[in-house]
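Structure incoming, see below.
Chains here go by letter, A, B, C, D and E, matching the order in which they are written, and residues are numbered from 1 within each.
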Amino acid sequence: MLSIKELNQFYGESHTLWDVSVDISQGSCICLMGRNGVGKTTLLQSIMGLLPIKSGSIEFNGTTISGKAAEVRAKLGIGYVPQGRDIFGQLTVEENLRVGLSVTGRHTRAIPEQIFELFPVLKDMLHRRGGDLSGGQQQQLAIGRALTLNPKILLLDEPTEGIQPNIVQQIGDIIIKLNEEQNITILLVEQKLPFARRVGKNFVIMDRGRNVAQGEMSDLSDKLVQQYLTV
Amino acid sequence: AGNTIKVGVLHSLSGTMAISETTLKDTVLMMIEEQNKKGGLLGKKLEAVVVDPASNWPLFAEKARELLQKNKVDVVFGCWTSVSRKSVLPVFEELNGLLFYPVQYEGEESSKNVFYTGAAPNQQAIPAVDYLMNEIGVKRWVLAGTDYVYPRTTNKILEAYLKHKGVKAKDIMINYTPFGHSDWQSIVSDIKKFGSKGKKTAVVSTINGDANVPFYKELGNQGVSAENIPVVAFSVGEEELSGIDTKPLVGHLAAWNYFMSVDNKENAAFIKKWKTFIKDKNRVTNDPMEATYIGFNMWVKAVQKAKTTDVDAVEKAMIGIKTPNLTGGMAEMLPNHHLTKPVLIGEIQEDGQFDVVWETEGLVPGDAWSDHLPGSKDVVSDWVKLKCGNYNTKTKKCSGQNFK
Amino acid sequence: MRRDKVFDFVEQKRLPFSGRRTVIPGEIDVTHGPILYLENISVSFDGFKALNDLTLYINDGELRCIIGPNGAGKTTMMDVITGKTRPDTGSAYFGQTMDLTRMSEYQIAHAGIGRKFQKPTIFPQHTIFENLELAMAADKRVWPTLFAKINTAQHEKIIEVMDTIGLTELCYERAAQLSHGQKQWLEIGMLLMQNPRVLLVDEPVAGMTHQEMDKTAELLKSLAGKHSVVVVEHDMDFVRSIASTVTVLHEGSVLAEGTMDEVQNNPKVIEVYLGE
Amino acid sequence: MTLSSRKNIQILLSLIFIAMLSAGYSAAALADSIEPKTETSVAIVISFEVATASLTAGSYSDREQVIKKLYTVDDERVLPVLQQMLKSKLYYIKKTKQLVFIKKIDGSYKTTSILNNEDAGLFEKNKLKKVKVNNKLRRLLRGYIAQLGLKSTDDAVRKAAVKQLLKNINAETIAVLQVLDKKETNSSIKELVAAGVSIWNLSSNDKATQLASIKALSKSLVPEVKLKLQEIIEDTEDATIKKAAISSLKKIDSKISIFGFLENLVFGLSLGSVLLLIAVGLAITFGVMGVINMAHGELMMLGAYTTFVVQQMLPNHITASIFISIPLAFLVAGAFGVAIERFVIRYLYGRPLETLLATFGISLILQQLVRSVFGPTNQAVQTPAFMSGSLEINSIFAITYNRLYIFIFAIVVLLLLMLILKKTRLGLQVRAVSQNRTMAKAMGVKSEWVDAMTFGLGSGIAGVAGVALSQLTNVGPNLGQAYIIDSFMVVVFGGVGNLLGTFVGAMSLGVFNKFLEPWSGAVLAKILVLVFIILFIQKRPRGLFPKKGRGVED
Amino acid sequence: MARQPFIVDFLKNDKGGKIFVSILLVTMFVVPALNLLVPADSFFHVPTYTVTLLGKYLSYAMLAIALDLVWGYCGILSLGHAAFFALGGYAMGMYLMRQIGDRGVYGNTELPDFMVFLNWTELPWYWQGFDMFWFAMIMVILVPGLLALVFGWLAFRARVTGVYLSIITQALTYALLLAFFMNELGFGGNNGLTDFKDILGYDLQADTTRVSLFFLSALFLILTYFLCRFIITSKLGRVVVAIRDAEDRTRFIGYKVESFKLWIFVLSAMIAGVAGALFVPQVGIINPGEFSPLNSIELVVWVAIGGRATLYGAALGAVIVNYSKSYLTAAFPEVWLFALGGLFLLVTIFMPKGVIGLWNQMRLKLQGKKQPIAENKIE
């Protein structure tokens, strides 16, 4: 459903993504891995339309979206959970969730119960400012917020960073659940191998801005790990 | 130099003073155009050099220098505020230029290089107070002004004058406000209270510029009518009124040396010329315009008399020159570089014009150094006999102003 | 194990802490064992108690891990120690003698407490080298700073640290260009440069690969002994690999404390934090 | 002593004399015979036609005589003539010297004869001439009208008439007042009358009456009462009367000081409402969006000019013009705002300081634009009838209508805005965008649209504020400059991004200023307010209502 | 790799600075020569008018550098810097007033004209001492410095930052504006101080004096540049930038941020004061208008136009804007505001880093160097 072809991206003069191509089919759950600074976040941001790309194309459900603005992509069904969470700090938890609803014209409606089922903390903290939540709480809010858009694909950038173990487990479960029960395609950036192995069905490994390996999770060999994920 | 005579125009066209000064720039341009239609001066065409000192005082000095040194103009018409004049004065004296200053001011100055064609305090303030005292029977006085030199001096002079006339200190209220003051609620309320003490009360306003509009609006709203407490202003003319809804102000007063409503041939011609020149039949004329008009005409005459535009020669020739003013009399340039002027008191009408209700009998000669201030009582100015702008009759000395 | 309060006059003499005096780390009084005393600390925000009567001691030279659910108050605790947040009640002492609640941030830093933030904060417009140089232990008053020069020892120290954090190649690049993980490293590097007595490290391995994590663990372990290290981390593998003592915070106070194994088998900890 | 005042005293003396003689006369007869009788008692009674005819010629003093004569004519047509004359609306047709009332219709004037109210034809302005009056005549007219006005059925007219009478209390006026009092139903007029009677009784020879009236007067706030009491305290030799007078005066003074306090409060709130209006638009563009909008003042100026233009197009519907101007100014300034956002600001997000530079440039351009289009001088914006005058609470305390309406208006604008920000979709999205533009985009928010709309909204509100300002101050190219500093001050003082803060900030600065002003003077008050702001910010470095939470520091 | 001594560093690394200083050095000697030595009718003659004008620009440039120091490097956006400039100017003006002696219009030996005029009987205490040049010169530095010290101490200690700080600096200058307008304060009210005669015994209107003043302005500008450059290349400079970028972080590594801010703020105020003192004798007037908040805002605009955090860029910006003003007000007196406003717009949109930034960008492009996209978040 999402296919990236020959993507090249620059920060000013510095070439960060080199001819990256990734194909993501409907319903898959892909784990994107790689060392620090290889360009994972950059790739996600390019997909989301938050960074301008130099060349290459991004297709989503058959339409080319590379020229489209981020907000359009969001409405087409790409949900994004950024690294560092990027909560609207001065907005309450409820308002954070409503932002997504407001663009779909459903802003008067109640926030879907499903989100609270997934993240009960959010219900308790509904009227707290987003910025006041602890890191883990914010992470949950960020995922919840992305879900308000009813996305077809969810881009998650290191969602377990700074999260307590039982919630990491939960998030893993939730991702699997979203993927399997609600058929949401997942593109997950993850450093932690155990988690990646548990959640992902497929993997993509990047190195120095290039897509260097991909395959089914079971094919992720120690050799690959050694080669690309070890310092 | 060359085939034209250059006339510098040094009026702010932007910034806070543009509101008033732009009109004077246009007046000078109109006069120049007209003079050129008459064939110019000394066989040469007049050429205007317009610059914009942008209501910025250091810029005034810079532009004055530019006009005199770079553009080599033969005469400059310009300035409105005292500070702008003070700023350019050293430049004019240093480079021996010639400046015509067309606005009423606080006096206490007489430079060899400046001709003051606006009113000195004795040509505006004192007659106005006389009128209120004698004709209206005012017993209590509010002297309200913006806190700068002109109101301070004028009020000092008036205070001395009133006390001299037997007015007690408790019957005088003096109030100063900052530039551009816009919230007059408290002050108007104070004036009302001051005026409710059973004696006839009047306000003498030296409030400047933009602050007048909110002041008059507040007067109107708080119901201070001209019959109860008349306000006589020295800085509010036709042009200022054209920016105010005058309905509630009918009857308030102003003292000037010229009003647009004065009915005579010269004035009618001037008004007509102005309206055609500015291409706006609703535009008004005012006192500083008349002062510019007189100044310009005098300069033309003086140049013709001296047959040169050389500053020293023109300066000499200027003294004693007479030209008609627009109120039916003759203005004469006195040895102290000030003019003789009639003083008129006008009442505001609904159409934004003034109705002359009183007028001095003859012309009042402008006095550079007030007789009512202790510091300047003894100072006189005479550029013919004494060759000095500030001769102290007591010490018999002429000091300052770079004339050693 | 309350902080020694026998000699009240001792306390009087030190207060108020003068801003002009630079405190040499050697002055810290650790004769009673602990280097950090947090006693009965409560902090509330708009009525919400982030820390609730927290009492905690850190021994000199100890490497302590603090874990606990998100929102348990771990970061807030560090805020209290570094002077960023003032506790509503309770006391925080550095050694026997220094009342942290009365010292400002820079004084605390001077006294020998260094910190790495949860969200990496570095100086984006400075090069890696300069970032480290700024953090370096030195006289940090205005005039000395104006005329400061780097001597050879200091220069070597910077090189050494840069090597440790693996950023030698990027030495003269601006820090703004670093990726998230690299920034984490840089911040650890800055902490090393500061050479503090106590290191507070908030989630150091977030966003690091497993190998980097091991490296960090090595590093922190090597620091312990000479320094006291307090680490907040959610990654249990990491915690296990470094910790001798683990403290679990929950809802603003200590839930459990002990060795990793003790804690790991504590049912309450499992319930609120670890999960199955 | 001047001539005119000597004359007044003569009149006064003769009046008293007559009063004593004519104690038995009916009061109604007296009412017609005050002042003029002393001079015209010998004159023959003339008709209305004859009297008015001579109004068309002569000097001011001739006219004065005519008016005096006219007053004695017992004709119901007199009052309207005097009233129109007072308003400078009495004209005569140059050719026929026929006196007429006029009404402006499409540039020319419809005239009606004063004699029979019949149509006298349509004329150009230059065919008509005004019967001129000056202040002296106006005063005379007002006095006469007042007395004639006592019979009026309009409460306000009667009240004005009574007030006029109070200025000069003597036997006759008292007689008139007493007659009036019997029929009078309006309580505030009755109060005035009572005050008048008590004042009169003070001069009675009966000590009991005097004391009673002194006591009665302690409730009155009419300024004349205070004067009279002061006079008594100075003049009387009787200790008890003096004591009573002093105690009454004290009571009055304490009331006055209460109302003085109230007055300051009202002044402060009304200044506050102006501050609120000028700041509230900025609270959006600057407070919420983070654009340091130096052109805010000029956007207000555009609103004020819009009012002017609307009035030029609807010269006969001043009241309506205000109501039309409000939405129109919103649209005009809002459109400019959207344009500014689209062409300039949008390149500058994330660079808040650059917006200062750019909008400073825009403010210069807008100033010059207005100067080039409308000319450098101020423009006259008229005050609609419903906004002029004041709401009188009592004799010494009144609230001017324009301030009252502006206060209400400011509050309404604020509430609307709060509603928009809190309750609407735009409001939510604005806040999201202002906090994290990228993330808002990633959440599907059309940030460009939101920016344009928000900036438009803030600018539009600036325009609306301009409409209000046009009622208070100059409408000229400098309007913006005059207010820009104050508006930033208010927003920051209240706490950036907090509308409630802007409100409280504006009001407290206004009130603070107005309570300082009486004792420090206007200049120093302003300086002190600034110093206060500087010191206050030390105590609360993020304004009165700071943004809260841990998200703020980073 | 030890850091090089200042002068070596300057010669080696400060390309822009070298150009800047060389240009100044050249004008500093050539302009006076062309004015004094070349006959007036020669094509090469530089009229005194131009010399004075240049002198004025240079004192503005110095002011701009002062602001750049606190704003560009330390992130303190002061919207009140004109106040320090004006105070320095007033101190100089007071000295010049005292030099008039009995040459005032009233011939009063004791009092300046405006005091005679308003019936003052004796010189107020704060005017004492200003007849001595050295005293006045100390005041030129001390008064702005002290004000900055007190104000800065209050504000930085209370951690007032960002727009809040900007607006209270604006309140400060606005309050001073109103205060100096008051005639009772004894500084001549709106008319300010004018009609100066001479300085240190030299006639202010003599060409030689004017040329010397110009020379001094250039000299001081160079010195200021060196001083500021020395500061920003020192470790203190790096601390200051660190404060700008991450104030809290700087605290947590042990710097007392308040002291650094205060130090740099006071220094900047003093430089501004000196600039004001050089400005006044060259333009011949100082009036409260110099305190106007709009002046301070314009000053910020100069710095932004030249290029923030570059020092010479700020100076360049000051000259560009003021020259444009001089030129446009004479060439297009009726519409020049369009041009100036337009200039501001163009620069912001097309040269986000100012003129110098554009230049650097082009240079980098030529060299093909990598540069960070990261936002320079200065506030």
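Note that in this section a residue touches a chain if its C-beta (ideal position, glycine included) is under 8 Å from a C-beta of that chain, and two chains touch if they have at least 3 such contacts.
Quick caveat, the model's predicted, so the values are computed rather than measured.
**Student:** Stepping chain to touching chain, what's the minimum from chain A to chain B?
**Tutor:** 2
**Student:** Go through the assembly and pull out the chains touching chain C as well as chain D.
**Tutor:** A, E
**Student:** Across the interfaces B-D and A-C, which one involves more C-beta pairs in contact?
**Tutor:** B-D
**Student:** If you average the CA atoms of chain C and of chain E, how many Å lie between those two points?
**Tutor:** Those two chain centres are 44 Å apart.
**Student:** For chain B and chain E, what's the span in angstrom between their mean Cα positions?
**Tutor:** 36
**Student:** At what distance in angstrom does the C-alpha mean of chain D lie from that of chain A?
**Tutor:** 62
**Student:** Note the residues in chain D that touch 2 or more other chains, in rising order.
**Tutor:** 367-368, 481, 523, 526, 548-550 - these are the residues of chain D that touch more than one other chain.
**Student:** Residues of chain E that touch two or more other chains: which are they?
**Tutor:** Those would be 178, 181-182, 248, 334, 337, 372.
**Student:** Residues of chain A that contact two or more other chains, please.
**Tutor:** 11, 14, 132, in rising order.
**Student:** Quick one: which bits of chain A touch chain D in the complex? Just the residue numbers, please.
**Tutor:** 48-50, 69-71, 74-75, 80, 82, 86-91, 95, 98-100, 102-104, 107, 129-132, 145-146, 149
**Student:** Show me the residue ranges of chain E that touch chain C in the complex, using the header's touch definition.
**Tutor:** 1-3, 231, 234-236, 238-239, 241-242, 244-246, 248-257, 259-260, 263, 372, 374, 376
**Student:** In their complex, what parts of chain E are in touch with chain B?
**Tutor:** 47-49, 52-53, 56, 100, 102-108, 113-114, 116-119, 178, 181-183, 189-192, 194-197, 205, 279, 283-285, 287, 289-290, 325-326, 329-330, 333-334, 336-337
**Student:** Could you pull out which chain B residues touch chain D in their complex?
**Tutor:** Interface residues on chain B, with respect to chain D: 13-16, 18-19, 22-23, 133-137, 147, 175-178, 180-183, 185-187, 189-190, 196-198, 210, 213-214, 217-218, 220-223, 226-227, 230, 239-240, 242-248, 250-251, 253, 280, 347, 349-350, 352, 355, 357.
**Student:** How about chain D: which of its residues touch chain E in the complex?
**Tutor:** So the residues of chain D in touch with chain E come to 292, 294, 344, 347-348, 350-354, 356-358, 360-365, 367-369, 372, 481, 485, 488-489, 492, 496, 523-524, 526-527, 530-531, 533-535, 537-539, 541-543, 553.
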